[in-house]
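In what follows, subunit A forms one complex with subunit B and a second complex with subunit C.
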Partner chain A sequence: MEQILANGLYLGAQYALIALGLTLIFSLMNVLNFAHGQMYVFGGFVTYTVVAQFGLPFIVGLIASAVVLAVMGALIEKFLFRPVIRKSKRDESTMLLAAGIAFFLDAVILLLFGEKQRGVPKIVNGVFNWDMRLIMPYDRILIAALAVALIVGFILFMQYSRTGRAMRALAQDRMAAQLMGVDVDRYSMIGFALGAMLAGLVGGLLVTITGINLGMGGPASVKAFLMIMIGGAGVISGAIAGGFILGMMESIGLTVLAAYGDVTYLAIFVTLMVFLSVRPQGLMGKPWG
Partner chain B sequence: MKRRVFLGTSGLSLALVLSVGSVAWAENAKLKIGFVGVTSGPAAAWGISNQRSMETRAAWLNELGGVEIGGTTYDIEIVPFDDQKDPKRAIAGMEKMAQDGIHYVVGPNVDDGAAAVRPVAEQNGIMYFPYAFPKELYTAPASNAILGMVANYQSGPAIYKYLMENKGVKKVAFIAGNESDPLSQRDSGAAAARDLGLEVVSDTVTYQMDTTDFTPVLLPVIQTAPDLLVLSGVSPANAPQLIRSARELGYTGLISTETAQDAAVLAEGAGELANGFISVGGASTPELASDTMREFVDRYTKMFGEYNDESNTKVYALEYIIETIKANPAAMDDVEEFKKTMDTFSAPNPFMVGDAKLTYVGTSSFGQKRQVSVPLVVNEYKDGKFETLFVAQVD
Partner chain C sequence: MSNPRILGIAAFLLAVFVLVPVFINLTGRWDFYYTLTSVALLSVAAAGVWLTFYIGRINIGQGAYALTGGYVSAILITQYGVSFWVTLPVAGLFCALVSVVIGLPILRLRGVYFAMVTLVLTEVARLTALALPVTNGAKGITSIPLPGELSLFGLTIIPDFATLENPKLAFYLMAAVLMVLTYLVLWRIVNSRLGHLCRSLQQNEELSASIGVNTAMLRVLSYAISSFFGGLAGAIFVAISQSIYPSSFVVQDSVNFMLYCFVGGLGSVFGPMLGTLLLYFGWDLLSIAKEYQLLIYSGTMIALMLVLPNGVLSLLDRKGGRK
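After this line comes the complex of A and B, so read on.
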């Protein structure tokens, strides 16, 4: 049982970090960023290139991933989403744009980084073993701790910084924020950059554990959407809760249902369908949007 | 005057371009060989290694002046199609090949794609070389598919028997991705293990192909304490993570698979934890590779920046197609002639040292020769490279 809980918490920490970026972008711009998973993969490949190809320390790779993805996010918002949102009132326009960006990034990743699975050496060796009841490699513990630290840092930034407050105002009521003098374009761009940066950071963190490959983007996006559906779209606390709930469900399911084959996600999807039929706005979302 | 000069120059240039073009066209005819397989998404590595192997070899042969078949010299042109691991796309790809008048196609890479293209191939006179194992593709009345590698039901028993006799393996566990290829490989592998007298302690645990953390998946398998953990049909992307998670959970037994792997991917993803991992490969190890194989690896690396060890097996299909047509030029446009030639066909294997031959095999598995004879080289990974554990031959 201890092992199941530890696995769930570890998975939850990384999932929550993935969902945070997605929910931030959604809350600020009402955009479902289908390319979020591809951004995560891109971040992983940037860290891989810096650490494995250039031989630089892991922290440099992580910072490079954050910077590259933040710049990428800012450019995507400024030159792609902003004009589309300005010209079209239809939600599907931004959804189609996001899907197009996802396909484009897949092609760019294949071109730049190739088709192979990539990974970087373990950043910490050794395994924590508590009498065979709980086994957890030290690098996973470190990555989980870093993920939690990043989540806490993100919450503090959103809570107490001027930029964070402006983005929260924007998320609560775009029109009112604009009337109060918040530069909507500027903070939308910062928000998108921040969301993309979080995706890049998770990719950079996890490349040391899970490695990275071209095909990870789509499934990562699907899981991120699951998390914000559970927690409530556009709500930061909801994304965190959704991440930990999904991580725990996955860990328990994979152990308890192992004898029945690969039915864990089937069970999760069924549970989610029932849950959403009762509470479509998720755990912490508001029914009015 | 200027206008006249301009028109004259333009006309001359056009004539020159057209004549150069027609001279180039007249130099060598084209022999188009198709590839229908997965070159995007999570399994892209499988198809890309196929396509790049074909492109490398074709460029090399063209550089040498082309291939002479029945007194005519041909340049080899590879026509690729990405089926995205989707049977519907695979059918579309095979139909495209038929429309282009192509009679020889390498691929698809997976079971459902290979099964889906069968009617298109048979109706349009196409021989195809899948990397998929369903026996009905190669057993009569089917006759257009030729298995491009060693199937797991051929390599698995050989590996298990070796490990029983040499490593004292008694208990074996299987884990597979939740897809048709890995699942069928798991089932046939477990059956073969039982036939050999091994105790199968776990063969129900599966994982989603997009799993990134295998610790929870492997936990119940490791708790059964097997001597050998078989990663059935594992992709090169998942193998390092599975090995790493198993070792981190304290598993100290043997780990094997019947699919081809890439040493660089194992080194990056699992490091020294992958030492001792057993997989199937082609003629890559130094003691088996010929100078031609070494040059192929060099050329591939120069063309694409990095070699993929899976290509040790995938280099063969194009060679078989070309050499068989060379042996019977009537097969160029008539696959029935190709089929007739297969029964007696034999040519030197350029990729292996010694007197190894390219021949068609598969009689004992399929009742007819519908498999290329690729050496069954069982490798053991050690410190960033593969070492040959043993070599066997199908049939």
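After this line comes the complex of A and C, so read on.
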């Protein structure tokens, strides 16, 4: 039991970090970022390149992938999303753009990094063992702790910094924020960059444990959608809750339902459908997004 | 109906049923038949997605119904020996029925929420196909016989596909006929009372409910019709490839259906057809670019979005003045 809970927390911390980026972008610009999974994979490959190819320490790789992804996010917002949002008749057009960017990133990753599974050497060796009841490698504990630290840092940033406050205002009411003198364009760009940066950071963290390959982007996006549906789209606390809930459900499901074959995700999806038909806006979301 | 429009439709039918086979015969590019058959079938499924767009919902779950339709047809043919032609409407109706059950709760959702749930639905369909015993799991159902003879009162309407010397042409014609019928139905729906009601839903659901439109019924009805198209397309795909696996239709396909609608334009009935042709055929032609195929394809898609965010058919709006 302790093992299941610990696994759930470990998964949940990573998931929450992915969902945070997605929900931030959604709340600021009403864009469902299909390319989020690809950004995450890209971040993983950047860390891999810096650590395994250039032989630099892990932390440098992590920072590199955060910076690369933040720049990429800012550019994507400024040159792609902004003009399309301005010109198109329907909000949904941004989904095509996001899907196009997802394909594009896939192509770029394929050309730059190839299709092989990549990983970096373990950053810490050894396994934590509590009386055979709870076994967890130290590097996983470290990654989970880093993820939690990043989540806490992100919340503090959104809560107390000037930029964070501006972005929260934007998420609440774009028009009102603009009338109060918030530079909407600038903070949309910062928000998108921040969301992409979080995706890159998760990629960088996970490359040490699970490795990274081209095919991971799509499923990661689907999982991130699940999490923000559970928690409610566009709400930061909801994304964190959604991440931990999904992590916990996955961990419990894999243990309890193992006897029935590979049905964990099927069970999760069905539960989610039932849950959403009772509470369409998720745990903490605003009605009708 | 005005004269130019009749001429346009006649030209379209001529191109689909006469010019394309003649062209392929002359050039000997028999592989185009497969591509164009796929385009026709994908545009049938995309027509369904377009109809859900028409009531203001983003549907990224068409892959789920295509997969369901395919499995229904495959199971009926291989395990119960039912004729393919009977399974075709059965597959469509089964999907429509499933979509009513699923649609009743989820159609209450809107915007991104609905989009995400339907996206998850595709994944649910795949996992269900993997888990159920009747679908044969990951091994899938293979060596499904070709469509047999369809006769009415002893009169052969469609000959047995296995006896034909050129089943590719037969499949192409079948898919093309189905596509034409689908768009005829779609066009009829849009220009009927139902279409007007759907437009009112797209603009403001509360308002149309307040003036007495049964919005819940309308939503489920449109979604069921949409899924019917998805099931039909899936069933024919299975007949062509003679096999089906849980991964025959995945999230990627569902997203593609949505993209076809966007690229063609959401404002016109024929948008999804054009979008499917452009994207699928374009993708096929780009295969000469080898490893840069995806790069060029997605780059073009992004560029298209920047230049024409309302779809290719929005070019026509501008020419025709204000709408």
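Everything below uses one rule, namely that the second predicted complex is superposed on the first by the 287 of 289 C-alpha atoms of A that agree within 3 Å, B and C clash if a C-alpha of one lies under 4 Å from a C-alpha of the other, contacts with A are read in each partner's own complex, and residues count from 1 in each chain.
In this text, a contact is a pair of C-beta atoms (placed from the backbone, for glycine too) under 8 Å apart; a residue touches a chain by one contact, two chains touch by 3 or more.
Since the structure is predicted, the reported quantities are computational estimates derived from the model, not experimental observations.
Enquirer: Look at A:Glu250 in the shared chain and tell me whether it touches subunit B only, subunit C only, both, or neither; answer first, second, both or neither.
Expert: first
Enquirer: Touch check for A:Leu110: first (subunit B), second (subunit C), both, or neither?
Expert: After superposing on A, A:Leu110 lies in contact with both subunit B and subunit C.
Enquirer: Under the stated touch criterion, which partner chain does A:Met273 make contact with: subunit B (first), subunit C (second), both, or neither?
Expert: In the superposition, A:Met273 contacts subunit C only.
Enquirer: Is A:Gly215 in contact with subunit B, with subunit C, with both, or with neither (first, second, both, neither)?
Expert: First partner only.
Enquirer: With the two structures laid over each other on chain A, which partner does A:Asp262 touch: subunit B (first), subunit C (second), both, or neither?
Expert: both
Enquirer: Considering each complex separately, which residues of subunit A are in contact with subunit B in the first and with subunit C in the second?
Expert: 106, 110, 218, 261-262, 265
Enquirer: Going by the contact rule at the top, pick out the subunit A residues touching subunit B in the complex.
Expert: Checking each residue of subunit A against subunit B gives 3-4, 7, 10-11, 52, 106, 110, 114-122, 127, 129, 132, 135, 137, 140, 206, 209-211, 213-216, 218-219, 250-251, 254-255, 258-262, 265.
Enquirer: Which bits of subunit C are touching subunit A when the two form their complex?
Expert: Subunit C reaches subunit A through residues 53, 58, 102, 105-106, 108-113, 115-117, 119-120, 123-124, 127-128, 130-131, 251-252, 255, 258-259, 262-263, 266, 291-292, 294-295, 297-299, 301-302, 305-306, 309-310.
Enquirer: Which of the residues in subunit A come into contact with subunit C in the complex?
Expert: 26, 30, 32, 34, 80, 83-84, 87-93, 95-97, 99-101, 103-104, 106-108, 110-111, 218, 222, 225-226, 228-229, 233, 261-263, 265-266, 269-270, 272-273, 276-277, 280-282, 288-289
Enquirer: What part of subunit B is in contact with subunit A in the complex they form?
Expert: Per the stated touch rule, the residues are 39-45, 48, 178, 204-208, 210, 212-213, 215-217, 219-220, 236-238, 240-241, 248-250, 262, 264-265, 268-271, 305-306, 308.
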